[in-house]
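Each of the next two complexes has subunit A plus one other chain: subunit B in the first, subunit C in the second.
Take a look at the complex of A and B:
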């Protein structure tokens, strides 16, 4: 071992890296937290409107058909993307063992990204949507976000190019792959050249890939880092993570058309996506075994480390949502659940219970390190966890049961359609309660986050309940 | 190392994305381009296309599909929502509006099922006046309150509580065109083999 290699392993070196990435990381994370509050408000309004349709009924900008896509776009392109980018910047610097590069480009990226989300969401609410799920933003807004993403990718790839680390840890594979994949996907899907059924195929190639090659890699990269880091032992198996990554890359890309099962698209195309969805069991098993075997014997740490509690919750939900997705893609399941609220429950198990919980956990780890300050109020962090965990559990159970019953009733032609609608009412009210709990949790989290920014907590190192170093 | 050489990693990453695109977008694109429009299908009129833009603006697609499922797969045939739809039914649709949710019923053939413009006006103005258990939004901004209707102008059958001080409720240009679009939704022509 040379002395340079030793220097890269010291606490002082890591503190220097964290300090250098502090400003871009905090700018992205703060933007993400603000969009989380906006997105939660939009989601709760949309949810309540499904059982109280005459509430706020005379304001065109707040009609269900505009608020609901605005909610999706804000939480996807605002909250999850911006908070995800903030975490990935920090993670890339740590894993490359070199200061983050192109910090100016990152600040420009954050400014443009916020502008794109503001413009795009405003356009949806004021009636200028493109009308395509996941691709509602008008082209100028999408173009602004594409430029912002390229600036971010430039910073990540520059840092990677300048890396001092000899070993490329598994998290880094996911980060590097996703910054190469997502801009291509986003630009190709936004091209205004498709129509009819081909447009539907492009729509769901994009819609599912947004999860496959952008949001899921964020969650997995962070989980692969946080779990071993907090526990203080290496990941269980390197070869399992290798198998997990490449089978993930190979199969996930082909899943999209399971959103069109039973529709007017060629049957062979539906079949391919169903097969690929089932094959996802392989990468998911690889990740699940790897994470579980790393955590096993250390579950008591979940009580003391908020990072581990949120992250392990998220990692378990990744396994759950993926197995559910494989079973859900089958024709027999699609026949019942395709057009129902069940699908919405599945989507939230993925983007919330998996990804958002891991983002929360990672932010509890990263923010003290970039601010050199500790979290105040451990009680409030526990409150955030339980509001989020119980809220999403209620949300998921209500829509899963209610959606299944809705699908069964819909498939029975003797049941008048209006009875199918009326039968969902109680479940939708439960969903609003679950969603409001999640929203309350976000208020607690945002309050803590901004307290950290003006240093309400103890100086780092002075707190007795601190996470592992 | 992730792979034997780093360039192989990048090549692999690009290859999997490209393969997925070929399979899910490229190949079906070639196959679908070879399929002709159904002979019974007519292009949207200017008015219908404008109505379609209102349908997009108000986000109708988030609760209504425009695709009918085949026999033996769900209840569409039993509900008489129309024969299974085929790619040739959609050649004039840009953007596509197939939809993913049936919080409300499928609308691919709503024009054949409900041809009455009066019904659509009353329903869009206040769905619960027509279907008491409906959870569909109202769209009052597609209507206006006037002292009296112009000659030939449709009048919405609305209860007095929506007409303070009397007068009549009539659809705006946007409301008229949206209803023209909905009434034109009819893919009941026989399908070519």
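Take a look at the complex of A and C:
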């Protein structure tokens, strides 16, 4: 067999992997994009209500206390989870060098997941919330999502079991870990057996770990694949990436109680959480050094590759949000920022600037490969990037500065509370402008996505050899 | 000391998670997945999807 024949066989095999994962991947991604639009609308409504509280105040379903948790749940369980699952299905098949297994279970999973999010969000908007942050969905909705997750995990673990790849690339470590960890976390946190302070501790053990062992592994798995793949250069230090994974596994799940610093939970529990939060510097440094040293010298590719543009932006924000998180866990910082808008800015730096930007970048890479069509309108992709990047930057800066000033003012006993509230108004208006820019970017992205499904772009070359013809 | 059952449950889950992580680490070490060389980093480049193409939007 000549080397060209062997290479063509390799290309055909890889294209078969992409084609076999296409339907479940596109079903999950399309669901994610639709929930992104719903989540954006709810987020913008909630944001505007903070500086115009009378707006839509006569509609009970659109009062702040319902819209805000509905926004959080839709972007977490709808957008980020469904789009993340779509990307992970494709990535697992690629890295295991095996066609994705249990495709029927994946379609059932997507249907149940959408049903769970629809039911849960509807319940929250109509006032049937559990009243626990990140766990607002009523138990039946949470149970439906848990079953959907288990079906997805079954497919991933079956594919992993049947893998033809000998070596487990670092992204696969994160994928496998998250599909084992998250269902345990989700089910245990939703058990109706907690009360009082104990419930608060379980609440934040879950709330932070939803980011730590579900969303972060999705983002890192995709970044570890996309950055070297697009640049065409292996990751700077593979050993460092493994060190990063194992230290991440060791330290991250202890972080949650730093949300309760100063609260009525045992001091030793808070201290352990603060120490673990600071120790997160180790895996974060490992990831940051690896991504930066891999990208260095190739920044010009950011101009031509939307995947790299979004993913590098997301990877840089991962470093930023993680260092900020370690600093924010300290008692001195908490004295200022607790109960302020600063924390909301931090959360958006994580779920949006880090995770969502990497999801966008990965979708720009994956969708042409599973549909065999290329993206239309490069100008619209650039517009999406700049609306998202500038929008989240404005949002983050407004809440970080405004939240810090708010915390300083709240710590001043001579300052009337109403003045503190009034002082945040300008920053909250900037937040709404930033959020609206992101929402506009999502409309552009959704338009492009559904144009792709209608094959509005050019046909993608079946292989590099065809491109050369 | 009266420890609430929910605390025992969460601690039990955490202990099982730690045991699972340790088992994973032991398995990884035993099967050579923790190879300190950079060879593992090359495994994503053998699928024919990394040929640089002029002007390609990747």
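In the analysis below, the second predicted complex is superposed on the first by the 452 of 469 C-alpha atoms of A that agree within 3 Å, B and C clash if a C-alpha of one lies under 4 Å from a C-alpha of the other, contacts with A are read in each partner's own complex, and residues count from 1 in each chain.
Note that a contact is a pair of C-beta atoms (placed from the backbone, for glycine too) under 8 Å apart; a residue touches a chain by one contact, two chains touch by 3 or more.
This is a predicted model, so every value here is computed, not measured.
Participant: Clash or fit: subunit B against subunit C, after overlaying the two structures on subunit A?
Facilitator: When both complexes are placed onto subunit A, subunit B and subunit C end up clashing with one another.
Participant: So, does A:348 touch the first partner subunit B, the second partner subunit C, both, or neither?
Facilitator: In the superposed model, A:348 contacts neither subunit B nor subunit C.
Participant: Just subunit B (first), just subunit C (second), both, or neither: which does A:165 touch?
Facilitator: Once the two structures are laid over each other on A, A:165 reaches subunit C alone.
Participant: Please work out whether A:184 is in contact with subunit B alone, subunit C alone, both, or neither, and reply first, second, both or neither.
Facilitator: Both partners, subunit B and subunit C.
Participant: Touching A:307, do we find subunit B (first), subunit C (second), both, or neither?
Facilitator: second
Participant: Let me test your reading of the model: by the given contact rule, A:384 touches which partner, first (subunit B), second (subunit C), both or neither?
Facilitator: After superposition on chain A, A:384 lies in contact with neither partner.
Participant: Based on the superposed arrangement, let me know which partner A:250 touches: subunit B (first), subunit C (second), both, or neither?
Facilitator: both
Participant: Is A:69 touching the first partner subunit B, the second partner subunit C, both, or neither of them?
Facilitator: first
Participant: Once chain A of both complexes is superposed, is A:242 in touch with subunit B (first), subunit C (second), both, or neither?
Facilitator: After superposing on A, A:242 lies in contact with both subunit B and subunit C.
Participant: Scan A:198 for contacts with subunit B and subunit C and give back first, second, both or neither.
Facilitator: A:198: touches subunit B and subunit C.
Participant: Tell me which touches more residues of subunit A here: subunit C or subunit B.
Facilitator: B
Participant: Check subunit A for residues that touch subunit B in one structure and subunit C in the other, and list them.
Facilitator: Touching subunit B and subunit C on subunit A: residues 168, 177, 180-181, 184, 188, 194, 198, 201-202, 205, 242, 246, 249-250, 253.
Participant: Tell me, which parts of subunit B touch subunit A in their complex?
Facilitator: 1-2, 9-10, 12-14, 16-17, 19-21, 23-25, 28-29, 31-33, 56-63, 65, 67, 69-70, 73-75, 77-79, 84-87, 89-105, 127-128, 131, 133-141
Participant: In the complex, go through subunit A and note every residue touching subunit B.
Facilitator: Touch list, subunit A to subunit B: 49-51, 53-54, 57-58, 60, 63-66, 68-69, 127-133, 168, 173, 176-177, 180-181, 184-185, 188, 194-203, 205, 209, 213, 242, 245-246, 249-250, 253-254, 256-257, 259-260, 262-266, 269, 272-273, 331, 335, 338-341, 343-344, 410-414, 417-419, 421-422, 424-425.
Participant: Show me the residue ranges of subunit A that touch subunit C in the complex, using the header's touch definition.
Facilitator: For subunit A paired with subunit C, touching residues are 7-8, 10-11, 13-14, 94-95, 97, 165, 167-170, 177, 180-181, 184, 188, 191, 193-194, 198, 201-202, 205, 225, 228-230, 232, 234-235, 237-239, 241-242, 246, 249-250, 253, 304-308, 365, 369, 374-375, 378, 463-464, 467.
Participant: So in the complex, the part of subunit C that touches subunit A is made up of which residues?
Facilitator: 4-7, 9-10, 13-14, 16-17, 20-21, 24-25, 28, 33-34, 36-53, 55-58
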